[in-house]
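Two complexes come next, and they have one chain in common, chain A, joined by chain B in the first and chain C in the second.
Let's turn to the complex of A and B:
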């Protein structure tokens, strides 16, 4: 019996309970940190909105990655490339037409936002198809190299001056090159509520918020509502992937993950299944990228560095590959602890000790430590460059996880292929006392444990 | 051989390997375009000469760094994504030494050791170069190799060894963790600015058909050191028992172990050879291009992977050949496409090889 089963066993409500518990403690922690930082209500609400935003995007991305790696065993480390293509194609389609003398250097096709989002997802899926075609038939690590190479090619292409501005269907469009692209379409929330004729209602809500936040409540409400919207998308992703995983299609994917030759021998066209699953995951990654960058107002190619891919992988590995619940949990833990946590710590320190001027370089930081054993400048420099050290910490966390807990918090759990539950009825378990341990290791499913992943012989892929 | 036979062979080729045929057509079109450019005077022979020379130099760096990657790939059976950051680490350690020796008594020691972080010291103003400060450069090369060896042995001992018996993907993910930790640690210490490291080296212009191709002292240094090391590794692996033991291990680790091959010692030797070459490659890369930034190794790594896969994993000749092909592709592609896509062209070559010959050019050979 390992720790992971203890965790879920101890939390009431199983996996869902665990997620709720983790989310609640993350929010509590942030509220406490906000009190420590002396935030007013507005600051607290903003910090909650930011946290929700990052939990949402990382949960979505790790769910999409879970379809690739956890379900199908496709080692995709080019996530950020699919996000970039999604966002840029969406911008190309949805930005308003070019007007000479406007703030934007280039225009778009001026189509509605939802058309742009669909086009972005489609483009990401097509890119996935192109990437998967040569690499899928080969070893897993070849796919890794091809995907990460693709993501860097995408970034360099958007950086290049050749795609900065060009003409498409008679209008001036483009990707803006290194200086970035202004996303000057209708703000997504406005577009969404107008589409349902609820824009007036929303404005009423904003006005009502004046009771809590007297001055300029709109950005606060926008942030909160967008965060909720993202959580809604997380639920939708979760539902979609759960349905996919439990469908006949999903069962073939899991068979491919466990042993592709066997799946092939059973008459399944494994290449076709892999390509479809890869394209679906890529489209979802494109959507997650769009949702991440849509409200930001502008996008630059250098946002799409491989480190974002690395973030998503850590989130998935924390949660446990193969488990949708684990993916959400991993996204939340990653966003709250590893991604936003150090930045909050930095803020906290600079609030507690204002007027600190940290040294500008490592040299000025380390020399007092060597010459006069004065560690203060070094500590200040450490806190000042916490955004780099954060990545060092993430790297070490990843190494630690691979050494000690490669299955993550919720990964590698037993899963029955059978439609009816194979666990003994409760009365029987109660009748013969301690036998429930062995039943569970044989592939039994906990009551209320709706997301069970991995085949009943889930140990196979450990080797 | 009759015409009919040639025709039927051609038809069989077209049916069996349509990809190869399409590639042949594309290659012919590109060549035709180039010849047309030369004939009409749009492209000059000297330009091509310069690009070839540039690609050759780049290819030597990629090949040199690729040997280590190829060896660990075949013997330890995983793609080491930290390899690029070994390159950067070797470069930084070597250049700190070079700065220290070249600039001692002329600048602050701390600034020299940090390779002029934040613009405190400039390599150009120290006059660093192979001919102007040979001692500093040679010491830098030695330190770069030594530091990369120490780093790769340390990382192997504490990070890779505990998970050595896991599958390749576990090791691969671990190596990504190592890569990020190393890279951003280097950014923490050395800063994120890209610094110029060398003074303009003296160069000679060689007359070539219709213009001049310039070759400078650092090109020659790179050529001599890289080919010297490549020949050295070739002899080491061909003439000693170590090479045989490595081939045996790459083939079947368990079998090698029961035959009495000290596998851990072979693994250590692999890291020593690979790490040393990698560190020196990093140093030479910086000497050749004259700038140093904390992202250099990572960006080079993708090309190195392309080279190693192109040549066939496990073959050091494959790594060298692949490196030259990738280097030449990256440099010469600007004849046909915008320079921003040069890197992309190198990957396209890799993907094409994956399609046509997945096991690489030197397939079936493991380490030498």
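Let's turn to the complex of A and C:
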């Protein structure tokens, strides 16, 4: 056991404490960066809202992927395809009916937003079923190939002109093709608060915000509240997946990850379990996709490139596959440091040193380094292209992680797959004098011969 | 019977009675008497025919030994019987039902469970998780029941019952002190014990044990054998692969000798001991 493990173990409050600590430091850093950038209050609030948004979506996606990979060992590299299907089906169901001459090229079925969300999740789950059915019976790598192919097929399908507009139930609907789809349904927050009769209260809140953000406070408040809403969804995902993992169902999933044949030989219908786990994860990915794109106003197929899938994988690997707490942490760290971090860093550098002229090409950047050992132009060039270098940075982080902490930040702390703690029941006197069983004994400790003769049936007959 | 997750003592007793009565009523009640019947089983891997038309029956309530030199096809026979491999030809009948080609879990749920020659522990799960996995038909294996608030209480209740049973078995197998250890950290012998304990927790009618005692210390081996005999007396049936001839001769009622994928001979330990072909097979003679 390395020293590093103790760092995460020493945070007060355990894993929750660790998450709070990480979130707090991320927010603090962003606020400091905001001060450096000379943001006013509005800018600071917006920056906080954006950060919260990305922490939310990546934590949700990472949790869903953890169900697939961390728990069941299903190698899904088509995450973005399930997100896309979720979003597009939601749009199809919830966009208002087509009106000739309106801004939108196509309409939807005009059903309430929550119906659309459920339909989107269902569609993602069904797509998962269709993809998984043939591939799950084969070995793990086939699922990988099938899922990534599927996600690209989905993207190209939404790009294609054939699905741009068509007629469904006598109304003109469609996916908009390459030019994108306007999401012209009631904005999600409005729909949510109206559903609970709280829209007036919300508008009151917006008005109250005028005290600190005098002009047009609505977008600021919207962003903050939506961020909070996403964090609420993260909690819900976490709750659901924790219960899923800590149950006999989750136990079978874990066994499948470890050795599917053994689970099968013990009488578990592993294909059935794999399909259920896969469909649940896909539905959650669909939901995460919906929550990500719903407030954006429009959606284009090219948003759903495979790189989004890899972002989620990096988040999971940072946090530690197999741990739900780790997934949340990984999502947060990824969003704050790797996803949003570089652009903040770049902005910060160009604000603090406004007069720096960075070279316009790689040649100009590298030649002073070679001719006169002057690294400054090269450094400036690097900082200038940091957004393009984002993927390189992510790759470096991954390599570092693989070498130094392959199990991720929290992956070493496995969550026990059972509803109850598995220590010796109080009603049972320990054979060897009732040593404290809640304390983990690390094996090899011979505590004397614990042969039990009262145990004539070895418990096999169960009473 | 095969569906009941908890065979009552009565059921088990009936099974023994029936067997005693039916012992000589040949042809009438053979499935009662011989829960496992293997007929003309064949399996080739490329050029190698690992099992070549093996036929045998295992009598209810016995400890039957399956012996043979390395590569005789014993493990492959186990794989064919339990559905891990699909036979090229032949049938497997269990409790009167043709189970040839069924999935392993379907066969396990009919009451026939096997252990693996090379222990296959679930490394990244603790010993306790390994054990808790085994019992069949757990309520919480239904996802909706495990996540829905009120229904989860039922699951919790069953988990508590299972946990007591698991700890009893852990105590019996002498692996209670490593209960919280990851299975991947166990020694070879401990893995074997875990494997057998896990198989027993599924409440099988019949257990197929592939060299279960390899690497287990002699004291514990003796204890496990006693336990096997107890279970056998209650009507459980065992098919045991083992290279230790003394162990086979002293414990099995019936011995089947497999050689080059075929049943060379079978009979009581005394029959086998006096059979020269067997000695030849074991001493490297070419048959």
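The rule is simple: the second predicted complex is superposed on the first by the 376 of 463 C-alpha atoms of A that agree within 3 Å, B and C clash if a C-alpha of one lies under 4 Å from a C-alpha of the other, contacts with A are read in each partner's own complex, and residues count from 1 in each chain.
Here is the rule we use: a contact is a pair of C-beta atoms (placed from the backbone, for glycine too) under 8 Å apart; a residue touches a chain by one contact, two chains touch by 3 or more.
All figures in this text were calculated on a predicted structure; none of them were measured in a lab.
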Margin query: Touch test for A:406: chain B only (first), chain C only (second), both, or neither?
Written below: first
Notebook entry, point to check: Touching A:255 in the superposition: chain B (first), chain C (second), both, neither?
Noted result: second
Margin query: Just checking: does A:266 make contact with chain B only, chain C only, both, or neither of them? Give me first, second, both or neither.
Written below: second
Next item on the list: Name the chain, either chain B or chain C, that contacts more residues of chain A.
Entry: C
Check: First (chain B), second (chain C), both or neither: which does A:172 touch?
Finding: neither
Check: Hey, which residues of chain C end up touching chain A in the complex?
Finding: 6-7, 9, 12, 82, 84, 103-105, 108-109, 113-114, 116, 120, 122-126, 128-129, 132-134, 136, 138-143, 146-147, 152, 155-156, 159-160, 163-169, 171-174, 176-181, 185-186, 198-203, 223, 227, 230-231, 234
Note to self: Looking at the complex, which residues from chain A come into contact with chain B?
What the structure shows: 75, 77, 134-135, 137-138, 140-142, 144-146, 148-150, 152-153, 156-157, 159-162, 306-307, 310, 313, 317, 360-363, 366-367, 385, 388-389, 391-392, 394-399, 402-403, 406, 463
Next item on the list: Write out the stretch or stretches of chain B touching chain A in their complex.
Entry: 78-79, 108, 110-111, 114, 117-118, 120, 159, 162-163, 166-170, 172-174, 176-185, 187-192, 298-299, 302, 305-306, 309, 338, 340-341, 343-344, 347, 350-351, 354-355, 358
Next item on the list: Spell out the residues on chain A that touch chain C in their complex, using ranges where they run on.
Entry: 240, 243-244, 247-252, 254-255, 257-259, 261-270, 273, 276, 280, 322, 414, 416-420, 422-425, 427-428, 430-432, 437, 440-447, 449-452, 455-462
